[in-house]
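The structures considered in this document are given below.
Shared chain: subunit A. Partners: subunit B in the first complex, subunit C in the second.
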Partner chain A sequence: MKVTIVGVGQTPFNRNCGVSIRELCFEAFKDALEDLNLTPKEIDASIICSAPEYDRQRSPAGLIAEYLGLNPQPTFLAESICSSSSTGVKVAYSFIKSGLHDIVAVIGFQKMSEISSAEVQERMGRGADIQWESPFGPMMPAGYAMCARAHMQKYGTTEEQLAKVKVKSGKYSLLNPKAMYRRAVTLEECLKARVIASPLKMFDCCANADGASCMILASEEKARKITDTPVSVVGIGAASDTQSTTGRANLTGLNCAIEAGKQAYKMAHITPKDVDVAEVHDCFSIAEIMAYENLGFCKPGKGGKLIEESQTYIGGRIPVNIDGGLLSKGHPIGATGGSQIRTIVLQLQGRAGKTQVDGAEVGLVHNIGGVGLYGNVTILKR
Partner chain B sequence: MSFSKFGKIGYVSETKVADFVKHLEKGKIMATRCRKCGQLYFPPRADCPNDLSTDMTWEELSGRCRLLTYTTAHFAPTGFQKDLPYTLALARCEEGVNVYARLNKDINKNETRIGVDLKLTSLRLPDGRITYEFKKA
Partner chain C sequence: MKVTIVGVGQTPFNRNCGVSIRELCFEAFKDALEDLNLTPKEIDASIICSAPEYDRQRSPAGLIAEYLGLNPQPTFLAESICSSSSTGVKVAYSFIKSGLHDIVAVIGFQKMSEISSAEVQERMGRGADIQWESPFGPMMPAGYAMCARAHMQKYGTTEEQLAKVKVKSGKYSLLNPKAMYRRAVTLEECLKARVIASPLKMFDCCANADGASCMILASEEKARKITDTPVSVVGIGAASDTQSTTGRANLTGLNCAIEAGKQAYKMAHITPKDVDVAEVHDCFSIAEIMAYENLGFCKPGKGGKLIEESQTYIGGRIPVNIDGGLLSKGHPIGATGGSQIRTIVLQLQGRAGKTQVDGAEVGLVHNIGGVGLYGNVTILKR
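And now, the complex of A and B:
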């Protein structure tokens, strides 16, 4: 029995959404249910995905389920920071595969503007090992910057190659009405931007955002009554790495992504060459380059060359993040994975508009929590 | 003794390895070694996941290490802003364990490169708190 995604939805991602978290989730939920022959009452369970340290509401799953009309069905929160909604999909898949539930809604959200930026900064610092690393003052960009520095040293990757990831992102952001930053940027702009954590500069880093995403998963049998264009979930991989920097065996790639990718390819019975379009977790430019390598789109160390040769643009060997990626869309932590999956589902349904990859049949989503802490890879098929 | 004196800002006050701070006050940077399997741990651990043993012994690190990677931060979490910019670094000790700490500001930019030798030492902060940092070898 196949597990499918029948509907996907997303709010625009932006800086100050101006609505409450329940309303934000409702918008994504409504967007996902559009054109489906499905009512909230027919949904058997909901999984709400967010990083709760950024929420004012305690235990937000209850509130969201109530507002979406999903009581008395079971609901709970799934968390793996930035990859929370991919984790939600993994759990929904298991529910359906086991026969426990037939139709499951996965709703991811984050309203980063709900708390002050000082509060956000305080929480960012505690994302590291609070006993041994947070006392030195690290934050997310510093973690990826250390990977970038090591990657440049080992493979000769350049700041220009990093910047080219953002140049691609900017180009495609113009075609995504839901992206926070819809602006093309030049290589010069990227290279001249202020340093955040060397060698990463402003345009190498994504920005926090408000937003929500929603995916409706259903068994193959139920899917037939809900939509004509279900997309099958054919591969799921998930892995973890140490929270501490000191524990990492790999400084030039994310082992959790390599492992999750292997699992997903094996389950889907495909190889990296079979992927027609991919969404990778480009929270930082270096993260996209490492993703190319960790997912096998190129050999280790050749990621910089792959973007330099424009192989990850539409028409290249493997189009990646052609919705603008996190670098342009913005990063509403709990909603991000759902937004990536939405992009791939639309591609496989042939509904991607100006960014449609001709004949896309197999798509891949790479969604990472923390600095390579939680790795999630999902493979979808038309 | 409590662990809460450790670091510029401490987030953990109670731990089985709080004696680390006592040693640090004397200028010694200590790792732990599992008596059962022989594994050396830094940061020190009280519990060994290899064999679930809690029979650990303290062992001083020589402080000789080599830079693995680094970044100079221009933005900081709340409470660290006044120190900016500062360089966070990861180094490999000759004993085979990794250490995460800041680079002393005396090391200039040209001298900061992956592979360079460093010396890990204890550092008393102006407010009486204690930590460790990397210095020139």
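And now, the complex of A and C:
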């Protein structure tokens, strides 16, 4: 029995949504239900995906399920920081495949505007090991900056190559009405921007955002009644790594992504060459370059070259993040994975508009939690 | 293909464990692995169950998986407040049944001693709807006190009957070396204790605690190599209700428990009469009485009479909470469901010592999150 995604939805991502978390989630849910032959009552279960402590509501799963009319159906919170909604998809797949449920809604959200930027940083810091790493102060940019330095050192990757990831992102952001930053940037602008954590500069870093995403999964049988264009979940991979970067064997790649990718390719019976379009977790420009390598889109160390040669643009070897990615869309933690999957589902349904990849049949989503703490890869097929 | 529980473990529950969350979880994990033919490397995935904000570590799943040697296997945090580890079991069941994983560890923990009692109350308050209920101040005892009042009003339930739940709990607590309060209490003591939220007095309320629990689930096939006494998961039910008590149709029972029970009985193809031994979520004495009714151990309104007639003692119609229950064991939120399941697994394996129910073949676990916000029922069979 196949498990499919029948509907996807997303709010615009922005700096200050001005609504409550329940309203934010409702908007994504409504967007996902659009055009589907489905009512909330028919949804068997929901999974709410979010990282705690950015807003004040504790245990938001029940609150959101209630507001969306998904009550008394079961619900709970799934969390793996920035990859929470990919985790949600994995659980939803299992719920359906195991026969426990037929139709499951996965709703990811984050409202980061309720607290100050300093508070956001403090909470992010406590995502690292609070006994052995957090006290020394490394934040997310520092973790990825270390990866960038190691990558430059070992492979000769350049700051220009990093900047080119953002140039691509900016170009495609203009075509994504739900992106937070819709603006093309030049290589020069990127290179001259202020340093955040050397060698990462402002345009190498994604930004906190408010937003929600929603995916509706259904068994193949139920999917037929709900939509004409279901997309199959054919590969799922997930892995973890040490909580602190100090525990890693090397910093030039993310082992959790390599492991998750292997699992997903094996389950889908495909190789990296079969992927027509991909979304990767570009929380920082270096993360996209490492993703190219960790997913086998190129050999280790050749990620910088891949973007330099524009091979990840539409028309290149493998189009990546052609919705603008996290760098332009913004990164509302719990909602991000769902937004990535939405982009791929729209591609495979042929509904991606001006960014449509001709004949896209197989799509891949790579979603990371923390500095390579949790890796999730999902492969979808038309 | 059957899904089984092959191992269960638990730390002692107490007021101030004095160790870090990783050490707490390690102790429960080690206890679960005891006597099993299994190494951490063979465990495919872990699910960490805990309610955030009681300790400072954010996204503890990766940290705990790492410390337990469950890395690079996937992990994530599952949360439904006090029923988090029952949710974890549901997900683990799905992971195995769907074929994604073969052996899954579910680790529940809570370390509530890192913050003050007032801070614990504040966080519990934010588990209710923070826009529409929390601001008016109702805490957990108040929610269940309203249930008790409604139950007394509608069914004539008495304070003596409530107290008798604790008298039973105290009696069995003496036989549970891992319980926080190992002390028999008299009916008089209960009735004279200070009022917490009328009609609930001190002994009607469970207490915050530190603790961890662990369950190892495996497919039937893998189970054979791991242990001679696997216990099958034959029924799973889960449901939700409104985040706030103000949204409920009535307060004399918990609809989420009724719904979850129905699902679990149906899946297990049994009726309440077939249950030989049960663990119910007695966070407050009234909760146990409502559970009797919501699970069909007696008719609605007859729960007070059931305890009055000692029918839930060993030798009665259906022995309930004969490990002391939350009232005596203490309630380390994320660990509680796992502790309940541990008790039932030991019963079905014939390893329950002085509290062994002769010939116990079918056991039930009822685990609630919030004031009836999340209901989880798990049915196990020898």
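Everything below uses one rule, namely that the second predicted complex is superposed on the first by the 382 of 382 C-alpha atoms of A that agree within 3 Å, B and C clash if a C-alpha of one lies under 4 Å from a C-alpha of the other, contacts with A are read in each partner's own complex, and residues count from 1 in each chain.
Note that in this section a residue touches a chain if its C-beta (ideal position, glycine included) is under 8 Å from a C-beta of that chain, and two chains touch if they have at least 3 such contacts.
The model shown is predicted, which means the values in this text are computed figures rather than measured ones.
When the two complexes are overlaid on their common chain A, residue A:Val195 makes contact with subunit B while staying clear of subunit C.
Residue contacts after overlaying the shared chain place A:Tyr374 against subunit C, while subunit B stays out of touching range. Contact with subunit B, but none with subunit C, is seen for A:Leu251 once the two complexes are overlaid on the shared chain.
By the document's definition of touching, neither partner reaches A:Glu27: not subunit B, not subunit C. In the superposed model, A:Ala150 makes contact with subunit B only, not with subunit C. Touch criterion met: A:Pro138 reaches subunit B, while subunit C stays clear of it.
In the superposed model, A:Asp210 lies in contact with neither subunit B nor subunit C. When subunit B and subunit C are set side by side, the one touching more residues of subunit A is C. By the touch criterion stated above, A:Ala118 is placed in contact with subunit B alone, subunit C being left untouched.
Shared contact residues of subunit A, touching subunit B in one structure and subunit C in the other: 126, 129-131, 247.
Contacts from subunit B toward subunit A in the complex involve residues 3, 6-12, 15, 42-43, 68-80, 83, 86, 88, 90, 97-102, 114-115, 131. The part of subunit C that touches subunit A in the complex is made up of residues 20, 45, 51-53, 56-59, 61-63, 65-66, 70-81, 84, 87, 90-91, 93-100, 123, 126-127, 129-131, 236, 238-243, 247, 255-256, 259-260, 369-370, 373-374. Across the complex, subunit A meets subunit B through its residues 118-119, 121-122, 124-126, 129-139, 141-142, 145-150, 153, 194-200, 244-248, 251.
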